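First the structure, then my questions, so here it is.
Just so it is clear, A, B, C and D label the chains in written order, and each chain counts residues from 1 on its own.
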Amino acid sequence: MQIGMIGLGRMGANMVWRLAAAGHHSVAYARHAETVNAVLREGVTGASSLEDLVAKLETPRVLWLMVPAGAVDSTLDILKPLLSPGDIIIDGGNSHYHDDIRRSAQLKEQQLHYVDVGTSGGTHGLTRGYCLMIGGEPDVVKHLEPIFSTLAPGHDAATPTPGRDKPGSSAEQGFLHCGPNGAGHFVKMVHNGIEYGIMAAYAEGLNILRHANIGKQEQEVDAETTPLRHPEHYQYDLDLGEISELWRRGSVISSWLLDLTADALLKDPHLDAYAGRVSDSGEGRWTIAAAIDEGVPVPVLSNALFERFSSRGNAEFAGKVLSAMRAGFGGHAEKPHKTGNA
Amino acid sequence: MQIGMIGLGRMGANMVWRLAAAGHHSVAYARHAETVNAVLREGVTGASSLEDLVAKLETPRVLWLMVPAGAVDSTLDILKPLLSPGDIIIDGGNSHYHDDIRRSAQLKEQQLHYVDVGTSGGTHGLTRGYCLMIGGEPDVVKHLEPIFSTLAPGHDAATPTPGRDKPGSSAEQGFLHCGPNGAGHFVKMVHNGIEYGIMAAYAEGLNILRHANIGKQEQEVDAETTPLRHPEHYQYDLDLGEISELWRRGSVISSWLLDLTADALLKDPHLDAYAGRVSDSGEGRWTIAAAIDEGVPVPVLSNALFERFSSRGNAEFAGKVLSAMRAGFGGHAEKPHKTGNA
Amino acid sequence: MQIGMIGLGRMGANMVWRLAAAGHHSVAYARHAETVNAVLREGVTGASSLEDLVAKLETPRVLWLMVPAGAVDSTLDILKPLLSPGDIIIDGGNSHYHDDIRRSAQLKEQQLHYVDVGTSGGTHGLTRGYCLMIGGEPDVVKHLEPIFSTLAPGHDAATPTPGRDKPGSSAEQGFLHCGPNGAGHFVKMVHNGIEYGIMAAYAEGLNILRHANIGKQEQEVDAETTPLRHPEHYQYDLDLGEISELWRRGSVISSWLLDLTADALLKDPHLDAYAGRVSDSGEGRWTIAAAIDEGVPVPVLSNALFERFSSRGNAEFAGKVLSAMRAGFGGHAEKPHKTGNA
Amino acid sequence: MQIGMIGLGRMGANMVWRLAAAGHHSVAYARHAETVNAVLREGVTGASSLEDLVAKLETPRVLWLMVPAGAVDSTLDILKPLLSPGDIIIDGGNSHYHDDIRRSAQLKEQQLHYVDVGTSGGTHGLTRGYCLMIGGEPDVVKHLEPIFSTLAPGHDAATPTPGRDKPGSSAEQGFLHCGPNGAGHFVKMVHNGIEYGIMAAYAEGLNILRHANIGKQEQEVDAETTPLRHPEHYQYDLDLGEISELWRRGSVISSWLLDLTADALLKDPHLDAYAGRVSDSGEGRWTIAAAIDEGVPVPVLSNALFERFSSRGNAEFAGKVLSAMRAGFGGHAEKPHKTGNA
């Protein structure tokens, strides 16, 4: 199948290569010619402009956008006058599903089809394949199956679920038509919300393990500090790298994220390479907003997000307010900065 | 009534003065003679040692301990051989109620009475009076009522609750026999847990108000950062001092803690005097532990505590784990340190 | 000053009466004639329709809308053709501040002024006055001061903040021009978010107190249940009504919300009149959404909201997922329904 | 190697069989003779009493306790007089690590060795093997390696961590000597705390997906209910079984717990077999207590626990307090019980 790929970053480049390896043909475009040149190989043709890309595609065209969410609308504005009725635009990036709903309605007026594809797999997708969550019109999604099944990890990427007998289920191959437009990015959004929660669970747990020797530290004795009642309970110097490696085998919490954690702790046991300022890239926020609209309680997912906010210093003013109140009612002064359980 | 006061910090000193002003007589002891000298006035006699203090009290003696929680047991060890059956020891500090249960049983073997008194009111208690939460034997607590009713704020400290007709209720005067030993500090512990939650509610809310102009800031555009979808919604430069003053009148959230906040923001509008590293002094922790023992969900009270932990940098390693995972699956690099919504 | 009041529910009716008592004149309208008739008194004239109301007001007209948030836009649609340039519309209800921004821009095209007023005080406002948080054009807000200062609680509603010397500050009277349109409802929104947090702090704390006798209950011994390690620590039968009355005097957590709690527990000690299904009316949700847009961590405010969602059964499916997982990895069966710490 | 197994429930029975299959010999004891008879096979001998079991073991004896945590101390009381210096007692159950510290000190007085082994793997351990987290004296743990390496899942249970080159590391086989006594159960405790967090992340996310069609439901319009501002954003009927199957392939959140979830949703798409009342069995609680002692913030792990408490109705009284306050300040009545986003 022929596809036009717009955006050749980490994800886009790997995708055209994975498609090429399976015999699909891509016309690839990025803003910088050297980026385009870097992806060329058998099955991958370059385009010098969006006009050039459109011209090189047979109708009905299939265009896959793999650009930052903030660049989708401006790209669509350029593309729309170039396209013909029946052409299909796929947004494989991290768009907000609200935008999918809006865009698909607008493109429909021009008889253009829109498909939103939430894509998980990160930098490992070239070899592992991508988990694809898809929203759009049923027949359009059906038409694109050759591409989706190539990009997806395939049936053998996981052990079969016992008793499952759903021939034709694409979920077992790693792609799924989730529902109408927006459904793909909605499911991907929640997927990322869950990811935040799982990551936070490991991070908090490892933090507890790391401080399991706190009873060995000298305790301050003053009215501002809670003394540790039982220092004898916190005398453990634990090897987090070995423990995370251990948990990968036979434990209830084994997972791919744990594999990555064991890998990171092997290479950098104290994670000195990181300051601990954690970014968030949108889906976690949108997940909470959707949950609130639905009236669904999400204390775990939201706290996972808030920990990231706090890691970047965004709780600072709240802390000042608390210290000011404590000074007000109890004459408590802030303690000087010190690492540890002050 | 005569009382021996051991410990003459902020709280102990104010208490003997409040007692003296009502005609009670205190024998006051602290480790440093100058501290003792500083509290002397009519109705307040000094003691040069615990032995001296005990000698100066009539039996059955009433001793009030107002020392750091960590110093109670060692003080009791000294006192026990000096006391006589029927004497009463009051712990008015911030002891863990588990210790009350243990101590009262031990003292009982020696026919000594123990009373635990959770005390709220902070540095303002001299004039406002102290809210007293009391645990102990009924007749012993009854015997001490003259002291409690003097230390308490009194009936007029609050408007009457409509329809309340409980003559003899000491709660309306600001002291209460809550139950057997430990009950006083248990109720005080939960009181402080609630206090943490209320303080955090104000602090978080004011933090939202403070960042209400975030739409005026230049937004970064990169794959790591969520762009603000509607900068036009965040164009407000709010005056937190005026707003907290405003809320003191007629709003649902007026409270003494809000009064203190308005006061602090008046004097230091950006709270520059504080770094935002917030201490916690035990009761908040014990409250969560009790809730968990009881199986009672306390997401608000526990998060209020955890925000304090985080404000002191204790989440740092968890942040490093998160950043390491993100690097692992998505090749995400940490962003350099910058203030704001990075 | 003359004002047209649209909407005569709890809030609107009390407002026209409070205005009338201070010599202002209101023209009052509600959909049902009997509602209008019920508010008539000296200083309050009735209107039979919005047309009638508009006709009875002198220009520049001042109209105060006190209708459900969902009815504001439709009311504005009717009013707009009836009004004249320079007229002022006040939305005193619980509108989302996004709507204020949109509406004020639309009305401005017609040279109409819009003022958003967040109003706190509930059913007690008639006597206590209303705390007013105001957004709009400075001169328009200035023009309305006679009304605001009448509705507000006034200077004496709170003790003066020590050292405060800001003559002309309206915050000390209980109303404040917070900023441009939307600022009033924004500040009110956050106010309510804080209110949710404070309420939850009391509720969680009282729940801990209520279960302080759990050690007296028989403990189940099976593999599914965590035994209570120290039943002797949970032997307290606490009187929540007396404790909440107690805390009203001299404690750090005294507040108006605590006054209401003491009142409720006096009349119904076990709160049997309530099932514990707690509604939320929007502002709490919007507060979290704003915090997330700003990147401000709000674990306490959000958990307070989520507890309300859960109280209405909205976490049920999540619980089913957890039980299904537990059955999957450990063969754990759900325990039959029982009250208490199962 | 020879081992005495005490307790033949799900876990103990599978363990002796797994040991027997590898050529180890077990003497097995349980309170009921039929339970003992049911596990007998080549390599497994039965014992009729603890005395009988002890008599059948060669010295230095190795005894593995696989009994409920509440039964360990009473079993030890019986065993202690029967054992000889140098014998080893392993507690493979879910003991609190505080108890390990206490017990190991007590047994040491009698020259008995104690080893605590946290065991993960649940009912699947017979075939998958058990992840073993071990605390105790180094030489004693070393002595037991033949048993541990048999029970553990083995090297091939996970893909190798790239770049890992630690010959002799037992973590890669699935067992680890974590530290002195208590360290095994400490690490297992935190493991379970993490497990709670991960499970909650999936559960919350799936709950959001399940309610993604809320915009199709009729909305109530009253002052108590927040109307859904954009029903058009919630029109998705999502197939959770297919989505969880999908995520098993190539997504960042693939894990064994997700495998179990997909399995459960395949068999019971709406999980009608469960009421959603979720038990907790101790480790989650102890994890939070340890974190609080250490001053480590754990909002995600604690909220995962609290959701279980709430699922069992334990937040009910808190909800009543909230409803009572709302009635107090706003005259709000509780809404009648209804499913959904009331």
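Here is the rule we use: contacts are C-beta pairs under 8 Å (C-beta built on N, C-alpha and C of every residue); 3 or more make two chains touch, one makes a residue touch a chain.
Fair warning: this is a prediction, and the values are worked out from it, not measured in the lab.
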| item | value |
| --- | --- |
| Greatest separation from chain D - chain, by CA centre | C |
| Inter-chain centre distance, chain B versus chain D - centres from mean C-alpha coordinates, in Å | 37 |
| Rounded Å distance between chain B and chain C, as computed from the means of their C-alpha atoms | 28 |
| Chain centre separation in whole Å, for chain B relative to chain A (CA means) | 43 |
| Where chain C touches two or more other chains, by residue | 122, 200, 202, 204, 207, 211, 229, 252, 256-257, 263, 285, 293, 295-299, 303, 306-307, 310, 312, 314-315, 318, 329, 340-342 |
| Chain contact topology (line, ring, star, complete or other) | complete |
| Residues of chain D touching chain B in the complex | 252, 285, 288-289, 292-293, 295-299, 302-303, 305-307, 309-310, 312, 314-315, 318, 329 |
| Complex interface listing, chain C residues touching chain D | 9-10, 68-70, 96, 122-124, 199-200, 202-204, 206-207, 210-211, 221-227, 229, 256-257, 260-261, 263-265, 268, 271, 273-282, 285, 299, 303, 307-308, 310-332, 334-335, 337, 339-342 |
| Residue ranges of chain D touching chain A (in the complex, touch as defined) | 97-98, 101, 120-122, 125, 128-131, 133, 152-154, 157-159, 161-164, 169, 171-176, 178-180, 182-183, 186-187, 190-191, 193-198, 200-202, 204-205, 207-209, 211-212, 214, 228-230, 232-239, 242-243, 245-259, 262-263, 266-267, 287, 290-291, 293-301, 303-304, 306-307, 340-342 |
